[in-house]
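Taking it in order: structure first as structure tokens, then the write-up.
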Amino acid sequence: MGINMKKYIDELRTMETSDMFENDFLLTWEKSDDEIQAVFAVADALRYLREHNISGRIFDTGLAVSLFRDNSTRTRFSFASAANFLGLTVQDLDEGKSQIAHGETVRETANMVSFMSDVIGIRDDMFIGKGNTYMREVAKAVHQGHAEGILPQRPTLVNLQCDIDHPTQSMADMLHIIHYFGGIENLAGKKIAMSWAYSPSYGKPLSVPQGIIGLMTRFGMDVCLAHPKGYELMGETLTIAEKNAKSGGGSFTKTNNMEEAFADADIVYPKSWAPYEAMEKRTKLYEDDDSKGIKSLEKELLEHNKKFTDWTCTEKLMSKTKDGAALYMHCLPADITGVSCEKGEVDANVFDRYRELLYKEAGFKPYIIAAMIFLAKCKDPGEMLRKIVSGGGIPRSL
Amino acid sequence: MGINMKKYIDELRTMETSDMFENDFLLTWEKSDDEIQAVFAVADALRYLREHNISGRIFDTGLAVSLFRDNSTRTRFSFASAANFLGLTVQDLDEGKSQIAHGETVRETANMVSFMSDVIGIRDDMFIGKGNTYMREVAKAVHQGHAEGILPQRPTLVNLQCDIDHPTQSMADMLHIIHYFGGIENLAGKKIAMSWAYSPSYGKPLSVPQGIIGLMTRFGMDVCLAHPKGYELMGETLTIAEKNAKSGGGSFTKTNNMEEAFADADIVYPKSWAPYEAMEKRTKLYEDDDSKGIKSLEKELLEHNKKFTDWTCTEKLMSKTKDGAALYMHCLPADITGVSCEKGEVDANVFDRYRELLYKEAGFKPYIIAAMIFLAKCKDPGEMLRKIVSGGGIPRSL
Amino acid sequence: MGINMKKYIDELRTMETSDMFENDFLLTWEKSDDEIQAVFAVADALRYLREHNISGRIFDTGLAVSLFRDNSTRTRFSFASAANFLGLTVQDLDEGKSQIAHGETVRETANMVSFMSDVIGIRDDMFIGKGNTYMREVAKAVHQGHAEGILPQRPTLVNLQCDIDHPTQSMADMLHIIHYFGGIENLAGKKIAMSWAYSPSYGKPLSVPQGIIGLMTRFGMDVCLAHPKGYELMGETLTIAEKNAKSGGGSFTKTNNMEEAFADADIVYPKSWAPYEAMEKRTKLYEDDDSKGIKSLEKELLEHNKKFTDWTCTEKLMSKTKDGAALYMHCLPADITGVSCEKGEVDANVFDRYRELLYKEAGFKPYIIAAMIFLAKCKDPGEMLRKIVSGGGIPRSL
């Protein structure tokens, strides 16, 4: 057994993770510090297995249901990769091909797709007040279905992005930071600027910045949220960030000045999002099926966005960060000035300089998802890892 | 080995199932009583395995082709679950993404998708006279392909719903009844009302009621078919129901009165379907690409349906059944009055009272499909089950 | 171990295939004769395994990414079959469901889908100058990603059809010829007529005839390319055919007379394609989003095609071939006169006479694809085959 593997297993044995067993992963702030760190430990352990060509298969057969209500490349592939590495097969619940529209309730669908399913991954980030609520309805339904003897197992829900949080993204981002700075113990006092940035598009979800301020405030970091007036996030996520900062020994500040946020920052995360109030309006318009209203709101928002084209991550702005060398982060794909659009979130030279790191950041996501599933399925995760590597492990490929 | 498992294996050894090996499952009435009961025994055995976390994998690799010509949630997931539990991977034959339209014959497509495929599951229920015919063409093509040395194996066809029968549904329904009444030997003399019910939709397949009267008449039950005049089923399925009732010691009666059907019934199955003659007309209109005719027929049928809104499963009607406590059944999703529509097939309180049982009913389908595949692939199914559980079996999940 | 298996393993041990390890398969003419023959040997070996119910699984888990930019039945199923037989799970990169449109570069997408992927299969044959270029960009991106430590492995690219070559088709076709004539050593001096044929459709890819003349000229065959004036292929593929003929001891001739090509031919391959120049024009029109121009070009080409309806494979023409009994080939689906169209590429009686052989020809493709992957993943392919069959091998199905 490699020295790293032993370290992960030993770490896991000191952590209280029993509540994760047969449970869901919906919001990072519902999880204890031990639970968050257990995800990181297992993610690193699984990455170790993959890189050493050891199979991480804990299922001989089994289904992982995926429901994507928004287009996705990286999250779809991350989920597929995680499921596959553990031995599960993805089965898409494509609502276009299903009978869901024909009067089926959430409770019914949840049970119907779960007779032989171990995991359900849902991405539902389009409408404020909807996505997370839907996930909880599904979770409740399968919990009840299992209790009533309808389902032989309780499938685990993984939030692949909702209206409130994007835990697989923020956790992958944080694991990237941990590796970059050489350990979670080095994060205290580090300043991260989560800043709005201009994009010529409309209606980008709020869940990434909300997830970032909700998670990064936990381990002693100084989180500074920056955005123009009118681009507020959901109030409850601000409250959580404040609470976390207080208990975690870090800080949470807000500003309407991008430069202020970048000043002396160790990490910058400039990214576009839609204003919360506009998203609420939009949700209402969709409910009313008011396509004229939707179009007019879209036009209005794009116009409004244009007032803030100077909210963009330039080399000049980067030079204001700690030693002019902050870690630049993004969940990808980014709107790159002069590449994917005329004016966007980031200058091409900044993006290019960090490309390798950005791709590595994204590369943590499959392992974060796999770790969430692993911890929900293994009663004693440390012991399971030990079993997997005992005798050198089974090769993933011959 | 659990006591149940031994029972299933012993049962299988007394049954004549050799004709099922390397054969298809297209219509229940093509199968002997032994063959039908073998499906139930294997389905229960596989469920036992799943519930005891024993892997049912009989394939190391292999494809299960699925072709759905109608939307589906539960059948799609049931097929995916069954294939996965046995070790097969589903590959969709999505006609929109294929070149089938470009002059490829059924014979050619059937061979082209079968070079390394073990199973083909087809749902084709939209047009009278088409679905089952298509399945037989596919079956003939792969049979010939295997005989000519084109295919290294003969893939097994499973009818996932056609214009005539819906064997995976009716078999799952019947296994539910068997469990509910404590054994197939307790079904003799039980009355089941297969009744039409009102729905504000149009063109629902006839295969469910046809499958039910074709199967349930076999084991001594008294099957009563009820529908308004004009909602006749295919004549050949009525003939089969009569024949089966005669040889099975039960009865088959028809009525145009829902109350009469429900009177003293042990089981009720109220469900909407389209009239056979209208479906024939519709098939012709689609063949002629007569979209105006299709729309006018749809309008006419919806209007006609509305004359029978009182054909609905109310508490009052339920009170007329045996001890006021008949088992309520449905293939789901149901049109529930006040929930999914203003007026539908069943009152919300009736549906709610039986929800748990309805979900359990649906839960048999993956095992029925897996059992059909198992019996087509294993020369000695009892011996194969014995092998699977010998030494405690291989865990499905670690 | 069967005598055949030993033969394949011994053959492989005499071949220089080290450059195939962790490499791609994009064009047959980039591969040495040893490498081409190694693909045939491994394909035959894997077919042997499948036919003897021995598992060919060399991956415990892993993803095979598929990207189809054109409709496909047989190539899609061939890729799925190959991946499954080796133990990989296909994950479709469906551009409609992805965020690729939103400003993501090829380099980024390639890395994002490859964190845990072992193979990428791409079909991109619609536009001249695009498909192969795109594949090379993807290959370069994942190569770089691996070098930079972003990807734990270097996924292998398999060209499932591009604008220049269709290597999995031409290789399957050639393996069919090898089996038909009893060995690669019997091909010297055999004449193959790769001829254009009339089809009432428009814009068929050029990659099949280009792939055929590029590959079949290598092993001493006399390749005769026939087409009406104006239906020229890409110049570079003609150059390659000439070069290959010279070094391989065969010949490459061109004619505008179908009868001349068929005269005394051992093999005929009559198939429609679009003229190279028209395809170039079309690519330009699509780039300019000139839908009017596209329609007008389509009309013009269909009209032009009609001048050559006598370019069709009739029994009369077949009688001119060697002993009137040339092997008729096609990549399928064919345009069959009186079956799939009024006038097409081939008469129904000719097609019917060769149907069994045509289906067998198609049946080689899954094994060719699997062999390409196998050779890219196994450092010592002969030793790997020996391991697989040692002790009788693991059964594919119990």
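To keep things simple, chains are lettered A, B and C as they appear, and every chain counts its residues starting from 1.
Throughout what follows, a residue touches a chain if its C-beta (ideal position, glycine included) is under 8 Å from a C-beta of that chain, and two chains touch if they have at least 3 such contacts.
Here the structure is a predicted model, which is why all the values come from computation and not from measurement.
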When the Cα trace of chain A is superposed on that of chain C, what is the rotation angle, expressed as a multiple of 5 degrees?
120
Chain copies touching (chain A, chain B) - same or different residues, decided at half shared:
different
When the C-alpha atoms of chain A and chain B are each averaged to a single point, how far apart are the two points in Å?
41
By residue number and range, which residues of chain C touch two or more other chains?
87, 89
Across the complex, what residues on chain A touch chain C?
47, 50-51, 55-57, 68, 71-74, 76-78, 80-81, 84-87, 89-90, 201, 332-336, 339-341, 356, 359-360, 362-363, 365-366, 394-398
In the complex of these two chains, what residues of chain A are touching chain B?
58-63, 65, 87, 89, 91, 93, 97-100, 102-105, 108-109, 111-113, 115-118, 145, 148-152, 377-378, 384, 387
